[in-house]
Amino acid sequence: MTPVTSESAQTVIEASGIVKRFGGAVAVDDVSLCVAEGEIHAVVGENGAGKSTLMRILAGILTPDAGTVTVGGATLEGGAKSAIDAGIALVHQELSLVPEMTVAENIMLGSPPTALGFTKSKELKRIAAAALEEIGVSVDLDEPIARLSVSLRQFVEIARAVARSPRVLILDEPTATLTPAETDYLLTMLQRLAAKGMAIIYISHRIPEVFSICTDVTILRDGKLVETTAISETTSSAVIDAMVGRELKLDLQVTRESHPGEVVLSATGIRAVGVHDVDLTVRAGEIVGLGGLVGAGRTELVRAIVGADPRSAGQVTMTVDGVTTTIGGYQSAVKAGIGYVPEERRTDGLALTMTVSDNVALPNRRALSTAGVLAFGAITKFVRNLADVVGLRPPEIQREVGQYSGGNQQKVVIAKWLGRKPKLIILDEPTRGVDVGAKAEIHRLVRELADEGAAVLVVSSDLPELLELSDVIHVVRDGRIQGTLPRAEADEKTVMSLASGETMVSA
Amino acid sequence: MSQQTDTPQGGGAPEATPQTMQLGAARGGFLSQLRVTLARRTEGRGLALLTVVVIAAAILEPVVFTSYQVTLGRVALIGLVALGLTAVILMGELDLSVASTLAVSGVVMASIPDIWLGVLAALATGLIIGAINAFFVVVVGINSFIATLGMLFALRGLAFVLSDEEPVRLSNIDAGIAFGTPLLGPLTPRVLLFIAAFIALQIFLSRVKAGREFYAVGGNRQAAMDAGIPVRRRIFTGFMISGFVAALAGVINTLERTAADPTAGSTVLLASFAAAIIGGVLLNGGRGSVLGTLIGALALGILQVSLTLSGVQVDIQDIFIGVILLLAVITDPANLRAALAGVRSSFRSREKAQTPV
Amino acid sequence: MATKESLTEAIAVAGSPASGGIEKKKFSPLLWIAENGVIVFTIALILFAVIFVNGFASLPNITDVFYRAAPIGIVAVGMTFVVISANYLDLSVVAQVATAAVIMIGISNEYGLLAGFAVATLVAMLYGIVNGVAVGFFKANAVIVTLSTTFIGLGVLRWLSGGSIFFGPEDGPIRAFGQASLGPVPASALLLIVITVILWFVLNRTTFGFAVRAYGSNKEATRLAGVNTTLVVIGAFVITALAAMIGGFALAAFSNTAVSSMSDGYEFRALAAIIIGGTSVFGGKGSVLRTLLGVIFVSVLTNILVLSGIGFGFQQMAIGALIVVAVSVDALARRAAKK
Amino acid sequence: DAETPDAGGSGEETFEVYALLPQGTDQPYGTTYLPPFEETAEELGLNLTITNSQYDADAQASECEVAVAAAPDLIILWPAVGDTVRPCLAAASAAGIPVTVTNSDVNPEDKDLTEAYSGPDTYGQGVSSAEIMCDLADGEEIGILVVNGLTGNSTAINRNAGFVDTVEANCPNVTILAEQPGNWNKDDSQIAVSEMLTAVGPENVDGIYAADDTMVAGAIDALKARDIDPEPLYITSIGNTFLGNPLVVSGELDGTVFQSSSWDGENAARLAHAVLTGADYEENLFMPSVKVTAENADDPSVAPEW
């Protein structure tokens, strides 16, 4: 095997002087990148730094305003097709699958085996199965994508990339939706592929991952190239400083004094699709974490609790100031003071074509109106205030939410509920795909809320995050709570062993 | 279907790291396999409606089946345009101009003395109209709903202008009459062409690479583009199929009627939409099949013929068709289940709401 | 905010604002044209007509344009609610307008105007609620639902009214309304303006209108914000139906007659006006003021064509072509501005 | 022989009859056409199955196929679009089912496939209305506006043809200044007339012809709305309906042509019965195209029916 050093190995893909503008804004500003055979090249940067845009240019999906991409010495003509033919495969940040088509068809999307224009379906399944086998994931080839979990979809997308035997494999935040075990699995797999000579470009917000597998790292900030260095010549704090462009005080290990009060949320005997007889309580001022593998049923559980999806059995009550309310439908949950930050912020959390102001005002519209007539002065003040509280950047509340980066979008979703002063806030994967800076801000917000007496329920697949935030962790598997760990007893190992079903610990 | 039991991933992932990740649904027995297959089909609601209609007709108006060639003729009348429309809807686009296309192509055909030349010119007209629609959608980048709404008006106007606002008789009336008579057993050329169009589209959309890709274009356009599918070309193809099929319907109607009527097709657009949607074709694209459209057209056709035969006053017939359509759409199983569950849980909350402790 | 001080303090630590890659908006003339296409087009068309079309600027002709615009305009501004809520369109306005017209004249002749209004309002509510419940509660497709209610509605109307032509007395209140005017502006056009203003207020200034727009932009996010989305959809259809009822009244008053076929084609004509106005058929974006402009545009255009003695076929072609051209210019300008 | 049916009295015998109509209770005319049609049919022992294609030629063709398949004793056809009915007639004739035609006749070359026609002479109605106009003009050079029915509709086409042909032949002194469709609607006609007045200048307009009374009422309203007295203008139309007759009486409408829906409906049934029973019948039974002017407008024989 070729030794994994960028000097001696053959350069496979080279981008030089790439510029891309959207309207007036420059998303990528004169960036060059060069990746060699067998190299795992990390690209890091804050939300909106231009990572995805650069990758979409490499994959021929976007046409750069300036600059060229060459693969194996030949200049790319542009267009997704020619990039694919040149051996570039991109695993998208936002899943790029067709929900109604089957796993096999999605894996072979755009390039199924054909004879005279007819798809050869046996052959198609054979290749798809081989690709899945290559990455070591087994899933029913005839299942439509819509019926798969998010993480499984991610692996299908990786299988698709691998099925084309690419020379360059680009992965844009592939681990955002994966659990630690799945992440480890993926990282090992990437190393195996690189060892076979594939050039890999790897994007992640999780710096430890970068340091565990990558050989080189390119840092982007505000669309500009900050530097490219070999991993061996840098440290994670240096990388983070370069990304953020300022010194970031990350007090990730802070532990919070918690003073749990009365029980606010009480859920008993909850049953729903994928949820089996769960009991759960959350106290005022307490942060309760829900851990587990992706697909364990945590999302279903919280959705059933708030009534966003129907329950088949169970009772949920909210107790506020000594008054107990039964939660049935979702609206009764909102009325009772529950704020719910859903897992899929783009589809479930935000009206992307509306402004920040509209999105934040929506759940608060009653308070911001008199006799059904909106009070715009009050709305502006209210939203400005909240934008300030959550640290929206830039704080332009009349801008469409869709134009903001993921981290800022998440802040908007949280701001929606902060305005209602929720008695209980439920956050499902609050920092998925969010950069380090925004993540720290969101964590602070969550802690502040709890300190001010709100009950908090957090679902997270990010173990360090879960351990850092939670006062107590319930580990969910197969739609049941498998064990409950107070903070003192919780560490990565105990949570994982419960999540994967190795041990049974009764609470 | 019980809700609490078996989640597909029951097999579980005892150890996720080393060689394979067992995430997929384990294959169950035959019954669960069948259930999965059924759940993946989109034609269920259409089939249910068809069953109801067929049973009702069999009891009340059995003539519908004994004179099946007439019934098939009506189904072909409703269904042909719907088949072409399905190709467009599958891509998440709409073609409101089909009825006007039908009228224009008929007028073009009747205005040309030579019958074969006329047919060719009419079909070419359909293809050109489809290409124009696609041009506005793909190249200019306007929404197909709007582009084809404009074409709906413009082409209807063109039909009037070309025909001088009067029906145009075919120069060869006998050919037209011959065309209307059964060719194969009791099947008229219209029915045979309808069947041919169905088979061709069914094969195209389920077996041919380009046709399969219509689903990708409609299901997730960005993903289709990212995967290197020539999305623009597919949209062109789709609109041209729709235009061609509408023109074919115009040709058939003109031949069968021995004249082209510039006002023709007034009920075609909405009937076609109804057939496709009852058959489970999702208006947002990506989901559905021409088989579903065929089922929808069968249900509507049989319903209409039996109502005609029954001699019920037309107002009452309309009320009847309206009620059945309405029932068919509001009883979509998935929607119904969600709606009822919603009611149940909100009742539950009301029962015990606001009990101070 | 009770939470404000403490939280902001905490966040201040996070330091300098990093740009999210969003720049200050610059004024772009192309984008302005794209966003205000209808205004530009309508003004250009009117200028053209004033200069080149004989008689266009005369008072009686201005009245005619208003007459053309009023009934369809009232229907279109109402239907804008359904379009903005991302439910495509309400085909049943055809049945609603005719039903309202027949009820207004038929019942008023027998029992007086008030009774006519009362019954028409009840029927409109019924239409709105049936459409709204089917679409909002049963999540059925709006095109098919409203197609069904068109069949049912026209069927019932013909069954009960027998398809007869109804006309009111020459000295009745409906006739009086139909003939009343303020200078060259007929009462029905004033009604259109009043309704547009009211509906503008409802859509842009009330919590209900806000919820309709939010729902059109993202149904699920709106539901998860605690909005009763079923009621939102029902509300959108009820408003459409009430407007169609008033449009039916204006139409009946204009000719003092009512017949079940008098509103044929209203569904697509109203939709054309809404779309020319620039309301997105995907929901979320649009306004009733724009719809009003769209209606004026189509009315002026039709008027010009009739004044010029152009035949019906060419009129249709011109309207169709202009829909496409207007929207194309919009799209192209938008694209050019992005470059 | 004694067993022949006429011995038992033809009143007792019933016949299955399909009536393929393009309108029914969805139009004012059809609404008043149907009751006398159905009553007479019942009286004569015709068992009717009525369809309404709403002027959709394709729908009517399909209904015709259904009718032929049901093998009735006779088909009564009111063509939705005259040019398109030949295949239907051919199919009926091949199946041995006699066809009578009502309201608007088939093309001359298709007449051999039908037994008989009863109804108005739509072309003749246009002719009559034109004759009234020519009489009024009396050689004077005048300009008129024309309001047509729904574009593409057979009745609209035929009436217009009758009117235009007659004016050209009998009174070339009458000039058509502008024409627009009024879609059989009062409101559409009213706006169209008002706009045509603007286009040609009200001072140049001496008369108006509208293809039916509903539309002429709109035309008269358009004049009044502009403070133009309709009285001195020469105004003619067709129908003599509830809307048109009072206008003739009041002198605003100078002349119209009586079309009796009850005559039409009743004779459709009578003619069918005559054909079925082999009784004597006229092959072309035309509704009398009575011209209604101020002189005879109060006459009970032309009392409006719809």
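Labels for the chains are A, B, C and D, by order of writing; each one numbers its residues from 1.
Rule of thumb we're sticking to: a contact is a pair of C-beta atoms (placed from the backbone, for glycine too) under 8 Å apart; a residue touches a chain by one contact, two chains touch by 3 or more.
Each chain and its UniProt protein: A = Sugar ABC transporter ATP-binding protein; B, C = ABC transporter permease.
What you see is a predicted model, and the numbers here were worked out from it, not measured in a lab.
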| query | To get from chain B to chain D along touching chains, fewest steps? | reply | 1
| task | Please state, in steps, how far chain D lies from chain A along the shortest route of touching chains. | result | 2
| said: Quick check: more C-beta contact pairs at C-D or at A-C? | reply: A-C
| said: Could you work out how far the Cα centre of chain C sits from that of chain D, in whole Å? | reply: 37
| Between chain A and chain B, what is the separation of their C-alpha centroids in Å? | 38
| message | I'd like the Å distance between the centres of chain B and chain C, where a centre is the mean of that chain's Cα atoms. | response | 28
| note | Shared-interface residues of chain C (touching two or more other chains) are 154, 158-159, 312-313
| task | Return the residues of chain B touching two or more other chains; collapse runs of consecutive numbers into ranges. | result | 160, 165, 262, 313-315, 338
| message | Two or more other chains touching the same residue: where does that happen in chain A? | response | 331
| task | Considering only which chains touch which, label the overall pattern as line, ring, star, complete or other. | result | other
| query | Which two-chain combinations touch? | reply | A-B, A-C, B-C, B-D, C-D
| query | In their shared complex, at which residues does chain B touch chain D? | reply | 63, 67, 69-70, 73-74, 77, 160, 163, 165-169, 173, 176-177, 180, 253, 256-259, 261-268, 305, 308-309, 311, 313-315
| field | Contact footprint of chain C on chain A as seen in their complex | value | 22-25, 27, 46-50, 222-223, 244-246, 248-249, 308, 330-331, 333-335, 340, 342, 347-354, 358-359, 361-363, 365-366, 369, 372-374, 385-386, 388-391, 393-396, 399, 403-405, 408, 416, 418, 421, 437, 440-441, 444-445, 448-449, 451-452
| said: With touch defined as at the start, can you tell me which chain A residues reach chain B in the complex? | reply: 59, 61, 79-81, 83-85, 90, 92, 94, 96-101, 105, 109-112, 114, 117-119, 136-140, 142-144, 149, 151-152, 155, 160, 179, 181-182, 184-185, 188, 271-274, 276, 293, 295, 297, 307, 310-313, 319, 322-329, 331-332, 478-479, 500-502
| query | If you look only at chain D, which of its residues touch chain C in the complex? | reply | 24-28, 30-32, 151, 178, 180-181, 184-187, 190-192, 194-199, 201, 214, 217-218, 221, 225-226, 241-243, 306
| said: Touching residues of chain C toward chain D in the complex: what are they? | reply: 54-56, 58, 60-61, 63-64, 67-68, 154, 158-159, 162-165, 167, 179, 251, 254-257, 259-262, 303, 306-309, 312-313
